[in-house]
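In what follows, chain A forms one complex with chain B and a second complex with chain C.
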Partner chain A sequence: MSEAAAVAGGRGAEPRHGVRITAIWAVATAIVLPLVIWVVGPHIPPGAMSQQTRDQHTVDVVLTALATPIVLMIWVYFGYAVTVFRQGGEAIVDGPPITGHRRIEATWLIATSALVLGLAVFGTADLLTTGGAGGGEGPNPAAKPADWRTALPVQVIGQQWLWTFRYPTYGGVETTVLDLPVDREIEFHVTSLDVVHSFWAIELGVKADAVMGADNIAFDKPLETGPFQVRCDELCGLWHGHMNTTGRVLSDAAFVTWITNEERRNAALTKTLPPYARVYYPQPLRNAS
Partner chain B sequence: MAATLAVLIGLVVVYFIFFLESGPAAIAATAESDGSVHLTLQTVPTYGHHPFPDWVSYLAKDPAGKWEHTTIFKVPAHTLVTVTIYQYDGASGLRNSFLAGVSGTTGGIETINGVPERGINPDDAAHTFTVPDLDVNVPLPGVNPNAKNQCGTAPCSLAEAHNTITFSFRTPGPGSYRWQCFVPCGAGFLFGNGGPMQTIGYMSGLIEVS
Partner chain C sequence: MESASVSVSERRISTPSAWSQLLGFNVIWAVALSIGGYALGHWLGTKIGMNSNAQTETDQDDVAILMGMGFAILGWLIGLGFFNYPLSRIAGRPATLREREEHGAWRYFRLCTDHKVVAIQYLVAVLFFFFVAGLNAMFIRTELTSDNATLIPAGNYLSLVGLHGTMMLMMMSAGVLGPLGNYLVPLMIGSRRMAFPRIESLTMWLTVLAGFVLLSATLLGGFPTGWTGYQTLADQARSGIDAYIVSFALIGISLALVGVNMIATVMTLRAPGMRWNRLPIFVWGMVTTSILAVLAAPVLLAALIMVVFDRAIETTFFIPSAGGSPFLWDELFWFFGHPEVYILALPGFGIVLEILPVFARKPLWGYRLAVAGMFGVALMSFMVWQHHLFMSGINSDLRPFYMFTTELISIPTGIIFLNGMGTLWKARIRFTVPMLFACAFFFNFLIGGLSGVFLSDVTSDVVTHGSYFVMAHFHYTIMGGLVFALMGGIYFWLPKITGFNLNEKLGKVHFWMMFIFFNLTFFPLFAAGMLGMPRRVSSYNADLHTLNVFVSIAAFCLGASMLIFLGNLIWSVVFRRERAGANPWQSKSLEWQLPSPVPVYNFERIPTITSHPYGYGSPEAPAVADFGPRVIAGEGGLA
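Our next item is the complex of A and B:
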């Protein structure tokens, strides 16, 4: 009798591996999944500083929870196979091929399709109900928050290698500091004066590409006061790694005091700025380039 | 075969070590009797030497009075740094007019040819000396394009057309702070921001505070 035949012939005596693997996986999932949700979950980024980061955090926890049983299935199967199916003796022999198992194929296709389509619906619904979830939506956002009409517009201008910020409702004053009021919808207008940058306000959950000649709008509503980091998230040249700053979410009164001081301090400089516009095509393009 | 491969890998390693070690040398600021330090710089329209003779560049004067091609400066912490820049290049204008204003300097001013100013016309800027992390920004006006004695090759001399800009700022604690020019002055490169704008030793560098 050949070795393959011996293996095939011995299948009848095999324990029900599928049932055993499923049972181990179910127990592991029952133990690990609550830990992932309630122990690890609260520490998953990006935090809770804004409405968008709270939503992103919820989504991250949901996705991690959904991925947990899948990861556990792989680990359990791997561990089971290494332990139980370990080849003893000298020769390594392939097991009999399995082909045309309709039930397994149908289960796999239905389960993965349901998961992917379900996540697509979940993600789309989340984008639409959270005003774009903090992402750049281009010049005509499809998803707007309920209070977008009263949002504070703040223009974010990227250039190699500096962020500056204009406040059109405060005389168009421009600063190198990004201060924002708490509990108010912010409408970021992100643009660039040269190459592509990416405005990333980490703790606020905002990320939007900055592209010359494009007005990329992103909404965000800070809910807690405190500092947040701003970085460029698009490799943009020599000092890309230095293109960062620290912003602050302030109380409404502190924000008004700050922006009023900025208006006064930069009054002369503001007069030399081009009128506020959604995009800029700086004239020096004609010179050095 | 193995020996050839080892030689090739060795050559690549040596090349990278040489490349990493080939940056400009740091230059120390000159100490003054009152405890402050002094940096003397110049900006030239074309460096005039190997490897990029047609690139715009900064140069720095070492304590012995010799002009060196470097943009890495060593200054002490918590010290007043007075900077004198002899600016020999023509204006090409700022991309962001906001940077035409002076910030972060003592009194919020720069002195241009002896006249204190809080900013310049954005179109008159030839370069800036900007340290973003220290909020220091000083725009440098270009020389008159009709001047007869334009400088061609570094180092330029005071007999050639220039503007003299002075300002001072106080250093923070120890650290490495990048500085750069914000005028897109890399002629011939995309948006003027390639070449010398992307190379330490020309239009940007580091202030090593220790």
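Our next item is the complex of A and C:
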């Protein structure tokens, strides 16, 4: 860029900005990237309570690690540019008339395209191998976990402003508490009786919209026992922010004890419920009255 | 080309008396007639609606309210005189290109066909509603200082959330196209007007009306749906949602018309010599935004009409128990909604890439690539909308495709970063206020864009979807991107528009406060989302209380920075009135070669464009345009 330097003029020998920027960026990346992966990384939500959260955690660490050098590149470049290429004083001096650079443009396009393709392949592979990653997949899941045939079906019913849960393999009993067995694949069937809600079991890494007339299936496999939170994640009216509950992941024996007890205790009540179905249609929904 | 029928000597510049101005068609009559129209429509609607099930089974009077609003719109347009010209043409009067451009303050309160007047009307309106919506945000943050809804009743809180979101979306989609687009595009392409001056004025007055109609939701009990208006919540909601529907429909019409007008202007009214590869990049930003507006806004309008039918005449488009589907709304809304968010991003690209060369004193780096990037964004934005529905239970086979397209859109967006970086290479940067905002744009948009990659990846999206992570993401792109660019644009072009400089020191205080507190407000919210805080809640997990109090304090300071901006604007333009001169930034672009403020008909003669506007650094570069024998530029012109 000798002609460029000549036009800028008066600066004497240009330092090699490109080399300097690359060096600063390399050093910064070498310092920051390990910190991001090994110091910040372990603290990135959503924890390790289920197979899905462990996978989501890994993906988030990978994405953060990929983003770090990109952020640093842009920050280092801009930081360098605004300090070194700064023009003090009142004088208005023109810079060199560089209007573009074919090779840099092509390199940039190829690099971003490769990155994007890599991300898409990585994301798709992850989505398909983890049985939908804990997200709602609609009535016909494209991705299922290997042990989906032995999964425990649990229906999640959203209504303003309450979650209830039905266990079709236990006589279709309906509870207001979501208890699940550990180390077993769960097949959530999420639906709604009124407006759109979204079932978010935060520590389990499950999220699926509850829509009236739709059976939204999500798979999840809890790996640790303990409590977890359930929140509504889609605006559903007045008490949206209060539509939450807690659930528990229990040992297998404790779960069986609990559910058989629930089944027996609620037997009379269960008879009055509509029979278990994928979706339920209440009265046609009209304007509130 | 400008028609020869409008020559300089034929201009009407006489000012009619104040009385005839007051009695003519203006905003006072518009307000009166729209209130009268509302009363008439409501009365008629009550008569008609008496027999409908919707009204008798429930105590809702949607028919009456919707008819009232329809008549109010009619009254508003009659009062402003939008029917005068069509009627006079029907009556056989000759066609005119432009009229109603008399001097005097009254032209700001009526239909005016001068694009500069419309742009200033737009600017005032957009800023007014921007501040109203910003005030709502302050209330929201006040409520969130408590982890368990205590300060504002839950229904009012949801209305505040809905008003903030809808108002910001509506006003910011017109926020650059309206004020800066209408003002600058004709000046930049060497025209005396927009292609359709009356439609231009119509879009502006529809935007104003839309803002007030939306605010009327507070009188009708508010609405609970946020800006997305999801079904079946919107069908269940009470009358306040009618205000949301009508105002959004008005904005939809306005946006589509702005788009048509802008595209037609750039296609047909370029001065001789203004080849496509000489168009300023800001104009390209406006063109690509307009393409999105024209193609996306009608879909919104159609969907809203279906909602109106569902509510008023008992159709069941969106009601699953009667054969409809809420997914239909999701798809239609986001088919509009995703291009809409790029309607909010592209103008920012245009402004920033226009500002950078002036203060880097270098040509825009990679001009063709930048244009390609903008078109790439515009095209791709129609192919990504289902990423808003990853968790909704749509066909899950489609998710990898939408993940891929969503990630693809970062390629054209990345190009804009490359343009910015290339332009700063070996530059001679001057840190004026507009330049600070332009640089901050890249800082914020980088974070906004990369957080979008997390949302595009389905696995990661399971955690972040619908949470405060999303909320932080789109505030980084829309506020950190568009609003920072718009602020930069206002500091950059206001001297041209008003003829007065904005105070530099106050501007810098405003910038640093806004930049620091913007980041302190929104960056922690990424964490809040990942830790389990859903959007639009008034109560949240107690663990997140400290974080939210911190964010609220930062948000109040962010709000305070906006007051500094407002103070600077009013003080500099109304009281200080320091003359800016024709070209305070020593820009080479065409609009800066005109006097400030720009005279009524812009150019004495239509100039012949001789160069692209970025001829910095090469002494032999030709001036941007040949103004003919009488050069009208003031001092510093034709640099």
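Heads up, the rule we're going with is that the second predicted complex is superposed on the first by the 266 of 289 C-alpha atoms of A that agree within 3 Å, B and C clash if a C-alpha of one lies under 4 Å from a C-alpha of the other, contacts with A are read in each partner's own complex, and residues count from 1 in each chain.
Just so we're on the same page, a contact is a pair of C-beta atoms (placed from the backbone, for glycine too) under 8 Å apart; a residue touches a chain by one contact, two chains touch by 3 or more.
Just so you know, these numbers come straight off a predicted model, no measurement behind them.
Novice: Output check: A:Pro42 vs chain B and chain C. Expected answer is one of first, second, both, neither. What do you get?
Specialist: neither
Novice: With both complexes superposed on chain A, which partner does A:Ala214 reach: first (chain B), second (chain C), both or neither?
Specialist: In the superposed model, A:Ala214 contacts chain C only, not chain B.
Novice: In the superposed arrangement, which partner chain does A:Ile70 touch: chain B (first), chain C (second), both, or neither?
Specialist: So A:Ile70 only meets chain C here.
Novice: Looking only at contacts as defined up top, I'd like to know whether chain B or chain C touches more of chain A.
Specialist: With both complexes superposed on chain A, more residues of chain A are touched by C.
Novice: Tell me which partner A:Pro282 touches in the superposition: chain B (first), chain C (second), both or neither.
Specialist: In the superposition, A:Pro282 touches chain B and chain C alike.
Novice: Considering only touches as defined above, state whether A:Pro34 meets chain B (first), chain C (second), both or neither.
Specialist: neither
Novice: After superposition on the shared chain, which partner residues are touched by A:Pro274: those of chain B (first), chain C (second), both, or neither?
Specialist: Once the two structures are laid over each other on A, A:Pro274 reaches chain B alone.
Novice: Based on the superposed arrangement, let me know which partner A:Leu162 touches: chain B (first), chain C (second), both, or neither?
Specialist: first
Novice: Looking at A:Ile202, would you say it contacts chain B, chain C, both, or neither? Reply first, second, both or neither.
Specialist: After superposing on A, A:Ile202 lies in contact with chain C but is clear of chain B.
Novice: Looking at A:Gln52 after the superposition, I want to know if it touches chain B, chain C, both of them or none. Which is it: first, second, both, neither?
Specialist: second
Novice: For chain A, give the residues common to its interface with chain B and its interface with chain C.
Specialist: 194-195, 237-239, 242, 282-285, 287-289
Novice: So in the complex, the part of chain A that touches chain C is made up of which residues?
Specialist: 1, 4-5, 7-8, 14, 17, 44-46, 52, 55-56, 59-60, 63, 67, 70-71, 74-75, 77-78, 81-82, 85-87, 92-101, 104-105, 108-109, 112-113, 116, 119-120, 122-124, 126-128, 130, 132-143, 190, 194-196, 198, 200, 202, 205-209, 211-216, 229, 231-242, 281-289
Novice: Quick one: which bits of chain B touch chain A in the complex? Just the residue numbers, please.
Specialist: Counting only chain B, the residues touching chain A are 92-98, 100-101, 118-119, 121-123, 130, 132-133, 135, 178, 180, 182-193, 197-200, 204.
Novice: Can you list the chain C residues touching chain A in their complex?
Specialist: Touch residues, chain C against chain A: 54, 57-60, 62, 149, 154-155, 158, 224-226, 228, 230-233, 235-238, 311, 316, 319-322, 325-327, 360-369, 390-397, 399-400, 403-404, 407-408, 410-411, 414-415, 417-418, 421-422, 424-431, 439, 442-443, 446-447, 450, 453-454, 456-463, 465-467, 530-532, 534-541, 586, 614-618, 621.
Novice: Give every residue of chain A touching chain B within the complex, in rising order.
Specialist: For this pair, the touching residues of chain A are 157, 159-162, 164, 174, 176, 193-195, 237-239, 242, 245, 266, 268-269, 272-274, 282-285, 287-289.
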